[in-house]
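Here come two complexes built around chain A, the first alongside chain B, the second alongside chain C.
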Partner chain A sequence: MAETRDLSLLFNPKSIAVIGASKDPTKIGHVILKNLVEGGFAGQVYPVNPSADVILYQHAFASVKDIPSPVDLAIIVTPQPVVLKILEECGEKGIKNIVIITSGFAEVGNAKDEEGIKEIAKRYGMNVIGPNCMGYINPSARVDSVFNPVYKLGRPKAGEIAFISQSGAVGAAVIDLAAKMGVGISLFVSYGNAAVVNEVDILEYLERDPKTKVIAMYLEGVRDGRKFLETARRITKKKPIILIKAGKTEAGTKAVKSHTGNLAGDYAVYSAAFKQAGIIEVESLTDLFDYSKIFLQPFPGGKRVGIITNGGGIGVLTSDLVIKQGLELADFNINTKQILREKMPMHVNITNPLDLAGDADVKRFELAIEYLLTEENVDIIILTPLMQTISLDASIVDLIVKKSQQMIKPMVVVTIGGSYTEQARTLLENGGVPTYTSPYVATGALAKLVWYAKYYER
Partner chain B sequence: MAETRDLSLLFNPKSIAVIGASKDPTKIGHVILKNLVEGGFAGQVYPVNPSADVILYQHAFASVKDIPSPVDLAIIVTPQPVVLKILEECGEKGIKNIVIITSGFAEVGNAKDEEGIKEIAKRYGMNVIGPNCMGYINPSARVDSVFNPVYKLGRPKAGEIAFISQSGAVGAAVIDLAAKMGVGISLFVSYGNAAVVNEVDILEYLERDPKTKVIAMYLEGVRDGRKFLETARRITKKKPIILIKAGKTEAGTKAVKSHTGNLAGDYAVYSAAFKQAGIIEVESLTDLFDYSKIFLQPFPGGKRVGIITNGGGIGVLTSDLVIKQGLELADFNINTKQILREKMPMHVNITNPLDLAGDADVKRFELAIEYLLTEENVDIIILTPLMQTISLDASIVDLIVKKSQQMIKPMVVVTIGGSYTEQARTLLENGGVPTYTSPYVATGALAKLVWYAKYYER
Partner chain C sequence: MDGFNLLAKYKIPTVEYDIAKSPEEAQRIADSIGYPIAMKIFSSKPVHKTEIGGVRLNIPPDAVQQTFTDLLRSAVNAGMEFEGVLVQQMARPGIETIVGLKQDPTFGPVVLVGAGGIYAEILHDVSIRVCPIEKHDAYEMIQELKSYPIFSARGKEYDIDALADVILKVNSIALVESIKELDINPVIVHEKGQGCSVVDVRVIE
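Let's turn to the complex of A and B:
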């Protein structure tokens, strides 16, 4: 793995063969073909199946070797026993980029066939993702090899967060969450056993990918720890890497072994090395998602937080957590205090947290946000609007999105509630505003942003 | 506060006067009346407003003193300057139970009027909730004084979790979440400044309330720490108390003071005392909700966890967290192993976590759940079904609800995803199954359940 693999064509193909494409809608080979055809992939799609003529209105070929044009990418979903033969045929056809979805290799102790994949890949100079994986989703190229039906698992829009995951299931779940919340991704890769293309190769691709601003990772183990950390250390100087490590305990390590056939390694060693490499480690899968999106905010100039709320209690809880996470509560300057005192009703205390009171309307929030956005003593704004009050109408969403898009300071929203609030939260996320249901997670994410901004500037 | 207050009629009135009821739908006095009328309150409702004849088809009275029948409860939402006069009239009318929603008392430094409330309440022997609060929701009695419109803030069904909150906004947000997820409550009380009825009085009511199995609390400060802890220590021997304390830091303490006029006190002292009193303290508002619902599960016989999943990665993450939280991974007995080995496909590893593989269907889950429910080495079951796979159909929800209702062992579901998964999760919660989007929170809650089961049995 001394030289850098070129994965551009792998992740941006103009023509794709789906080997093992099926007419049966309950088969993976059907779902993947359908996602490509209906998902708007603009290039050529070639179903390959020895016993089908036409699948989903596409002419099917008995073998890849029958396809009359060059093929940039082959997605293999055939039964395990024929994978090596198919891979060889791909080589003969000159296909350089492969995704092997099929499982039944190293993860079940079948080292021989896994070696077979490596040998063929090496002989033909192939980039192979997998086996035992979901492949990838590249929303801007409209390529999608994830085999979960779209009605069950949403697909995110194009965006700036890349997510790479050793586990397909974990990856898919997070992707689904991103889709629901309207958070965009630049690339999702489930790389499974990493027989050929591994986490380092993908990181190196993302390092150079201009669409990717943030890298999120689910990792069980790495093949070459030194290389991984070296690469990560280089990348984190340019882009943040947020990581969750599975297999931290003896029990987890055992579970990893039967999952992707990897050795999870000694976690304490890993964790210390991650830190040195500038990697931001999280402990919870939801944090992986919640922390990643904070890095699309502007870098803060410092760590002084201004809190704006219409619910005193939430303001108090958030204040506690600001301090706990090593951030500071801003002391508003005298000018701001005077102006806000003049403009706000008397029952609003001009202090931080700025509790606009239960009868606050959107105008009162607008005033507060405007002053804190330009207030020199405030580096970060946490808005904790309780959406459920009588006086706060739905235009609070438009206001926050508009102010957030000015990208003056990091601004996040903490709000908690039921259906009405969740809808507002989804709209905010769609508008690019990071939202949290808990001040605990919001302040945790902000603390990492503050840390990374310093690390980046060093 | 030496003797116990009788709050039965306060929380279960047969007749209610809404003083300050309004025709204007943007006014609190309108929303509260509407919620009582439309919410199905079976008793008498009397709007009181000097300038209205009929409000929401109810005959309105100029003064409480004009109401011809006895009144069990008065909800006061008038402007602040007339509250004391109104309260005096309530006393003259013989109303013993009052909720004062109106703010502008101790929380804004108006100690004089707060004293006035206390004095009148004492003179007439009144139970007064508030001022500066939202009052309460008792779903089984259909009483609801929360002034947020129902379309913005959902109302939970009747259930077994009581939630008492010094902050109305925090309380309302959690209630709204409970409504969305279909988690029932026995009582919600927002008690605000606690001028007369305080947290201890409410705790003592809940102690004897047969509908309440679990008590959740948001607390900023207490008036009489010794009495609070004494009461809590007695209650936790019978029912768990889950608590979040706001105002832990200097910044938070300052914020508390301008919120409910309370002194938050020294947090370290509080925290140690909470522990001694058997109170389960949480740090995040979402945890308050997520931890509370675990206590409606049967008590576990031990701390050995069996994990059933169809997504290897989630199984690994969950295993790590089981250990981290001080629980254990169960070692399945030889019988279970043999039977499962016979009945499961070969690519399913019979180990814990039990990864049923990506192609698992509901039947495979059923088999696994059945065996682990009766397996003597398993005290707790964590199910982590990824709902998004092709092979897992929606009947997984029915299966889990059915098995959960047998109440043999604590069983929780961890699942993460977008709209489809969230719908499944909501159905599960409606069916009484505690669900979590993160194994981190699920294992945290389970660890508390294990701890409390031991504490309870001692």
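Let's turn to the complex of A and C:
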């Protein structure tokens, strides 16, 4: 296990066989094929099914061995009893990369067949994802083995956050959420039982993947803690890892042992290891992407926050949370104050939070953003525009997106409101602006960004 | 006495102590350590000494031999094999902490420092690291404790360097010795420059 697995062909195949492809639209073997064919995958797709000639207008093969050309990736969705035989045939065909969606292995106590997978994979030098998983989605390569139909489970656009999940169901739900939130992903992998390819192998692939800037992870447990710690510690020096750990509570009572044994429970040790590896641990699934997306912002030079708002109350609430999260409120320098004083109407107080008042228009916001972007005493900008006012028209979205894309300083938006605000939020998020519905999450994420910027420099 | 021998091997400072097999021997040891003295049932096996009435504190010179007899009776009542009585110097004042190690099934050896007494368990005031750790980790562990401000409160500074040193020595024990779990509890941290002293230790092999 010492050498690194090369997973580039696994995640970027030019040809895919779907073994267990089905004509029946209610079968997952149909959904996967459909998602590949209709999802715009540019390479060859080969349905494999012993009793069908044509599926979804694609010529089907009775066996993977009948396919005349080489195959980069096989997705296996057959019934459990034939999986090992199929895997062997893939080996004979020379297919090196496999995703086994089928369940019924170690997760139900069937260790024998799980061992069978490992043995065949080792003999043929295969990379196998699964079994008992959803496989992966690579939006830029248009590969998608997730068996939930597109109308039920949204697919995120291509982006720079990779998401790896030990649970298929949780992973799929989070992916759906990410799609709705407008967050882009570089890769989603559900790795199931990790019989062959495990979380460390996938992390090592993402470490070198130029499309991935941030790694988000849902984890229940690892097999080799030391290897995980060592790998994660190396990766966080280059890319942040944001993680949620499931299974935190200790089941049952324990036999009498030492205080240390009781105090250093399984989760407590995981959490300590995450900290030592520089991993950022979050507490909820929504936080996973809310925290991940902040890391696509430029790193801040410090922790002094400038707040621009058109609602006094939200500005004050945000200031409280800035302090609570260990950040600081910036003290604008004298020049900025003078210029803003000259340019702003008299009823705008030139302080931080900078409350542009309820009659603020987009021009006033533009002026404020421009000055705070160049202000040397401000490291981070939080915008809290209340979209409901009559003077603030929809072009505020374009303005913020344009300023954000200059990538001068980390800039986040907190917008609170109903469906009109929700639309603005989606447009901002699609424009790459990290947008939050609460100042609590925004400041929490910013505090982690500040922490990581320092950790990264170390 | 495995635990105390282990501490001696790694030069982890303890209060002065010895083991007495008879009331007369207890008197001799107590006289040489100085008063007041603490006396405890000694056992090489892990037991909750307090729960069986096996711990007596602040004993004056004229009560040493009677205390020995009382402790012997407590041990017999608890069905223990009597191995002797631990005669210990009463610890100088300081902040009580716990330092320990355990073998974690996923990550291997880990070290722990926590607030002493009931605080570690009730307030969960502990800090953990996977071994090996370095000097800066030991200091970070102490600084992470919720009770950390107590180490420099009310115009008193406590000897954090000495506590960090114990944590680092436990890190060495974790890496070298084949021990499942270790509790050094309490480690009493004295004022700055005066080090710390261990009062009790438990080893699970």
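Everything that follows uses one rule, which is that the second predicted complex is superposed on the first by the 443 of 458 C-alpha atoms of A that agree within 3 Å, B and C clash if a C-alpha of one lies under 4 Å from a C-alpha of the other, contacts with A are read in each partner's own complex, and residues count from 1 in each chain.
Operating definition for what follows: a residue touches a chain if its C-beta (ideal position, glycine included) is under 8 Å from a C-beta of that chain, and two chains touch if they have at least 3 such contacts.
These figures come from a predicted structure and were not determined experimentally.
Novice: First (chain B), second (chain C), both or neither: which does A:67 touch?
Specialist: neither
Novice: Applying the touch criterion given at the start, work out whether A:294 contacts chain B, chain C, both or neither, answering first, second, both or neither.
Specialist: In the superposition, A:294 touches no partner, neither chain B nor chain C.
Novice: If you stack the two complexes on chain A, which partner ends up touching A:218: first (chain B), second (chain C), both, or neither?
Specialist: A:218: touches chain B, not chain C.
Novice: Determine, under the contact definition given at the top, whether A:268 touches first (chain B), second (chain C), both, or neither.
Specialist: In the superposition, A:268 touches chain C alone.
Novice: Who wins on chain A residues touched, chain B or chain C?
Specialist: B
Novice: One more residue to check, A:229. First (chain B), second (chain C), both or neither?
Specialist: second
Novice: Per the definitions at the top, what is the overlap between the chain A residues touching chain B and those touching chain C?
Specialist: Shared contact residues on chain A: 258-260.
Novice: Residues of chain C touching chain A in their complex?
Specialist: 46, 98, 100-102, 104-108, 110, 112, 114, 120-121, 124, 126-130, 137, 181-183, 185, 202, 204
Novice: Which residues of chain B touch chain A once you look at their complex with the stated criterion?
Specialist: 26-28, 31, 103-104, 108, 147-149, 151-154, 165-174, 176-177, 179-180, 218, 220, 244, 246-252, 254-256, 258-260, 283-287, 310-317, 319-320, 322-324, 329, 347, 349, 351, 353, 355, 358, 386-391, 415-422, 437-441
Novice: In the complex, go through chain A and note every residue touching chain C.
Specialist: Of all residues in chain A, those touching chain C are 221-223, 225-226, 229, 257-264, 266, 268-273, 276.
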